[in-house]
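Both complexes shown next keep subunit A, but they swap its partner, so subunit B is in the first and subunit C is in the second.
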Partner chain A sequence: MFDVIFIGLSLSSILLLVALGLAITYGAMGVINMAHGEMVMIGAYVAVLSSIWLGANFLLAIPIAFVVTALFGLVIERLVVRRLYGRLLDTLLATWGISILIQQAVRLEFGLTFFGIHIDGLGPGLQNVTVPSYLQGTVSVAGLEFNGYRAFIIGVTLALTALTWFILYRTSAGVQVRAIIRNPKMAAACGIDVKRVNALTFAFGSGLAGVAGVMMSGFKTVFPDMGATMVVDGFMVVVTGGVGSIFGTILSSGLLGEINALVAIGTNDIIARAVVFAVVIGVILFKPNGLFSYKGR
Partner chain B sequence: MLSIKNLNSYYGRSHVLQGISLEVPAGKITSILGRNGTGKTTFLKTLMALTDRSTGAVVLDGQDISSAQTHQRARAGIAYVPQGREIIPDFTVRENILMGSFARADRKHVVPELVGELFPYLVENFDRQGGLLSGGQQQQLAIARALATGPKLLLLDEPNEGIQPSIVEEIERAIVRLNRELGMTVILVEQNIAFAREASDHFAMMEKGRIVAQGPIPALTDDLVHRHMTV
Partner chain C sequence: MALERKIQLAAYGLFIAALFLAPAFGDEFWLNRIAKYLVYGMLGVAIALTWGYAGILNLGQGLFFGMGAYMLAMSLKLASPTSLSQGSDTPVPDFMLWNAEPGAPTDLCCINKGSFLWLPFQHQWFGLAMGIVVPVVIAGVLGAVIFRKRISGVFVSIITLALVLLVRLVLVDAQPITNGFNGLTDLGWLTIGGIEFDPYSRATYYLCAASLSLTLIVARLLADTRASLILQAIRDDQLRARYLGFNVPVYQTFFFVVSAAIAGFAGMLYVVVTEFASPTFMDLSFSVTMVVWAAVGGRSSLLGACIGAILINMIEAQVSETEALVEAWKAIIGLIFVLVVLFMPRGLGGLAHALVARFQRDEQPSAPAAVGAARSETA
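Up next is the complex of A and B:
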C-alpha cells in the first residue's frame, strides 16, 4: 500500500511540474498553450541528446532542458501568443499548430532526413535514457523501501515547487505575476509591464515542463508524440484545482496522481485513466470553478 | 500640464468618446461631470490607454504620450483610482499599496509617508487582506496605491460613490489637501455637485461622449447642471 502511494506521489510530481506552468500562464494570460506538452517532449529529448552527444550526466540534462525549453517558450510567446491575447480560440488553434510543427521537426530531424543525414537520438523511433546507477535501486528509510528514482523525481519536484512558490510570493517579479493574475489592467495602471512579465512567465512555465520531460525520460520511452497526452493531463489538473490557484494545482495534481496509481495497481492503466477522467468531470459538474478557485474565467 | 486634443475612444466597434479636447492646468483640480453612461469613466480609462482603441493627442508636461501603453503612462506620472476601486482582495494592505511602486522612476518599493498622514487606518492595518476592508477603507487604499506611484497627475473616478458618510468626509479632505498643500494636479469625476464646486478650479461637462461645456468653476451655473445632469 505504501508503495502504491509512493508511486502515486511520483506520478503526481510529474503532473505538477507540467501543470504549474499551465496554471500560471493560463491564470495570468488566459492562454491555453497546446504546445506545452511539446515542452515536455523537448525536455525528454534534451536528456536523450545530451547523453548521446555530450556524454552528459543525467543530472546535467535538467538545467539544460530548463534553459532550452524556456527559450522555446519565449520564442513561442514572442512570435505567436503575444499577438493573440484575448483570443482564446485563435491561441488554441495556433499553439496546436506549433505543437504539430515541433513534433514533425523532431520526427524529421529538423528536415535533415531529406538530405539523408541522420542525427542520433532524433527521428520517428523510440529513444531511451539510462538513469545513472546511483539513482536506481532502492533506498531504505525507517524500514520502508523507496525506489531511488521515484524519490529523486519527488525531490526535484519539491525543490522546483518551493522555488516557484518563493518567486511568486517573495520576489518583486512574483508580486507582478500575481497582480497580473488578479487584475491585468490595474497591474498595468500601476506601472507593471504586463507583456514583458507575461513573456518571462511563459518561459518559466515552459522550463518547468522541460524538467518534467527529463524526469519522464528516466522511466518511459521517449518519442515525438509523447507530449500530446501531457497537455491534456496538465489541463485536467489545472481545471480541477481551480484556475488561478497555485495551491489548488498542487493539491489536485496530488489527488489525480494518487487516484491514477491506486486504480492502476488494482486494475490497469487504461481503467485508471478512465477513473481520473470521471473524477475530473465530476469536479467540473459540481464545482465548475475547480476545488480552490479564486475566480472563474 | 495635460493637453488633450480630439480624443476618440472605442470599445470594440462602439465609438464612446467623440472628439474630446481639454486643457488640464497644473496644480488644479478639474472636475468631469455628467449623467450616468456619458463616458466619464471611459475618458479616464482612455487617458490610461485602457480602452480597446483610441485616437487623438495626449501630451503630459510636453511629453507626447498619445501612443504610450498603459504602464508607460503610469511611469510617465499618471495615477489612476478607478471607479469600483479594484484593489486586490487577497493582497494585504501593504502589498496593494506597493503595487503602485512599480511605476516609480526609482523602482523603490516604499509606502510614501504621506499615506500614513492621510489614512492612518491603512498603516495600522498593513497586514490585513484588502478584501476585508470596508468600501471606504478600500477607496482609501486605492488612493494610497495611486500615491505610491509618485504621480504628477491623479485621476479619481467617483471616489465617494457608495461609501459610508463618515469616510466620505475624510476622503474629500484628503483630495483637497493633496491639491492645496502638495500641489498635485487632479482630474476628478464626481456626481456630487456641491463637492465639485467646493474642491475644483475647473470643470468639464460631458454628454454622450462629448464635452458640452467647460470653464472655471464659477461658470458651472445651476442652469448648466439642470440641463446636463438631471435625469
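Up next is the complex of A and C:
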C-alpha cells in the first residue's frame, strides 16, 4: 500500500511540475498555452543533447533546460501570445499551431534534414537519457524502500514549488504577478508594467515545464510527440484545482496522481487514466470554478 | 433581397453544383479521395454551427464522429464475407474468434462477455439508426447538463476534450468487443434499396455529395431561423439573453445536438468511403484538426468552414505526394493556423464577406448599406 502511495506521489509531482507553469500563465495572463507540452519536450531534448554534445551531467541539464525553454517561452510570448490577450480560446488555437510547429521543427531537425545534415539526438526517432548511477537503485528510510529516481523527482518538485511560492509571495515581482491575477487593469493603473511582467511570467512557466521535461527524460523515452498528452494532463490539473490558485494546483495534482496510481493497481493503466478524466469532468460539472479558486475582483 | 444575400445564395448554389459536376473530371480512385474530403467538409459545417453561431468550442467533436463511425462499422463488419464464413450460422467478427477462450461457442450471443451487444447490429438499419441516435443522445445529455449548469467558454472545451479521451480509452480497453487499437477493418459494403455502395464507385461519391449538400442546406436554413438569432445573442452576451427571458440552455443544447448529429452522420459516411473505423477518430489531434479546418475556412461561415476543410485536405494530399514534404506540411499547417488566428480570425469566409462589403460600398456609396453588411457578416 505504501508503495502505491509513493508511486502516486511521484506521478503527482510530474503532474505538478507540468501544471505549475500552466497555472501561472493561465491564472495570471488568461492564456491557455497548448505549446506548454512542447516546452516539456524541449526540456527532455535538452537533456538528451547536453549529454551527447556537452557530455554534461544530468543534473547540469536542469538549469540549461530551464534557461532554454524560458527563452523559447519569451519568444512565443513576444511573437504570438502578446497579440491575443483577452481572446482566451484564440490563445488555445494559436498555441496549438505553435506546438505543431515545434514538434515538426524537432522532427525535421530545424529543417536541416532537407540539406542532408543530421544532428545527433534530434530527428523523428526515440532518444534515451541515462540517469546517473547515484540516482538509480533504492534508498531506504526508516525501514521503507524508496526508488531513488522517484524520490529525486519528488525532491526537485518540492524545491521548485517552494521556489515558485517564494517568488510569488515573498518578492516584489511576485506581488505584481498576484496583482495581475486578481485584476490586470487595476494592476496596470497602479503602475505595474503588465506586458513586461506577463512576458517574464510566461518565460518562467515555460522554464518550469523544461525542468519537468528533464525529469521525464529519466524514465520515459524522448520523442517529438511526447508533450501532447502532457499538456492535456497538466491543464486538467489546473482546471480541477481552480484557476489562479497555486495551492489548488498542488492539491489537485496530488489528488489526480494518487487516483491514477490507486486505480492502476486495481485494474490497469488505461482504466486509471479514464477514471482520472471522469473525475475531472465531474469536478468541472459540479464545481466549475475548480476545487480551490480565487474570487476574482 | 440584399445583394449580399444574393451573392451568398449564388455561392451555395455554385458549390453544390460543383459537387455534382466533379465526377466528370476524374476517375473512381480520385472520386473516393474527394468523397473523403466531402465528409471532412461536413465536420467543418458541424464545427462552424456550434463554434461560430453558439460560441461553443467543442474540442471533442471526434467523439460524435467516432460513435457514428463505430455504430455503422459494427453492422458492416457483420455483413462482410469473412464474418459470414467463420463456421457458424450467424456472422461473427473474425477478431472475436482470434481472442476467444478455448471451447467458447462461436456465436455472437456468448463468444465473450460483451459480444451480445453486437446482436442487434446484424440488421444494417440498426447500425445506421444508432449512428445518429448515439451521438444525439450523448450530446443531448451532455449539453443539457453543462448548459443548465451555465458552464461556458473554455470549460465546455475541457469537458468535451476530457470526454472524447475518456471514451477513446474505454474503447481501446474493451478490446474483446471493439478490437481495441486495431479498430474495425475488413468491412462489408453498405446496401440500401439494392444499391451496393462500393467505396470506389460513383454511387458512393454521389451519396457523399448529396449528404454534404443536404447538411449545408439544413444548416443554412437553421442559421436563418429565429432560434439561431437568439443563439447568436446568447453567444454575444449570455447574461443579457437570460434576463430577456430566453431559455438559454435549450437553444444551446439544440444546436449542440444538431452539430453532433451531423458529425455522427459524417462518421457513418466516412466508414462507407474508407472501409474502416479506428480509435484514432477520437484522438485529440483529430478533433483539433477539425477546428483548424473551420478556423481557416471561417469559423462563423458554414460554407467557408466546409470549403476550408476540403481545401486543406486537397492541398495536403497534393503535397504529400512528395515524400520529403509530408512532415514539412504539418509544420506549414501549424504556421498557417497561427497566422490565421493572429491576422485573419474570420478565416476565408470572413475575407469573402469583407470583399462583398467593399464591392457593395463601391456600388452604392450610402453609409447605411455598408453598416448593414458589416452587421450581417455572421453568416
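Methods note: the second predicted complex is superposed on the first by the 294 of 297 C-alpha atoms of A that agree within 3 Å, B and C clash if a C-alpha of one lies under 4 Å from a C-alpha of the other, contacts with A are read in each partner's own complex, and residues count from 1 in each chain.
Here is the rule we use: contacts are C-beta pairs under 8 Å (C-beta built on N, C-alpha and C of every residue); 3 or more make two chains touch, one makes a residue touch a chain.
Quick caveat: nothing in here was measured; it's all calculated off a predicted structure.
Contacts of A:Val232 after superposition on the shared chain: subunit C is touched, whereas subunit B is not.
Once the two complexes are overlaid on the shared chain, A:Ala187 sits against subunit B while remaining clear of subunit C.
Residue contacts after overlaying the shared chain place A:Gln176 against subunit B, while subunit C stays out of touching range.
Of the two partner chains placed around the shared chain by superposition, subunit C is the only one that A:Ile100 touches, whereas subunit B remains out of contact.
Shared-chain residue A:Ile265: touches no atom of subunit B or subunit C.
Between subunit B and subunit C, more residues of subunit A are touched by C. Once chain A of one complex is fitted onto chain A of the other, the partner contacts of A:Leu108 are limited to subunit C, with no touch recorded for subunit B. Shared-chain residue A:Val131: touches no atom of subunit B or subunit C. Of the residues of subunit A, not a single one touches subunit B in one of the two structures and subunit C in the other. Of all residues in subunit B, only 48, 50, 69-71, 74-75, 79-80, 82, 86, 88-91, 95, 98-104, 109, 145, 149 touch subunit A in the complex they form.
Put simply, subunit C touches subunit A in their complex at residues 57, 145-146, 149-151, 153-155, 157-159, 161-163, 165-166, 169-170, 172-173, 284-285, 288, 291-292, 295, 324, 327-328, 330-331, 333-338, 341-342, 345. Across the complex, subunit A meets subunit C through its residues 32, 80, 83-84, 87-90, 92-94, 96-101, 103-105, 107-108, 111, 114, 124, 228, 232, 235-236, 239, 268, 270-271, 273-274, 277-278, 280-281, 284-285, 288. For subunit A in complex with subunit B, the touching residues are 172, 175-176, 178-179, 182-183, 185-194, 294.
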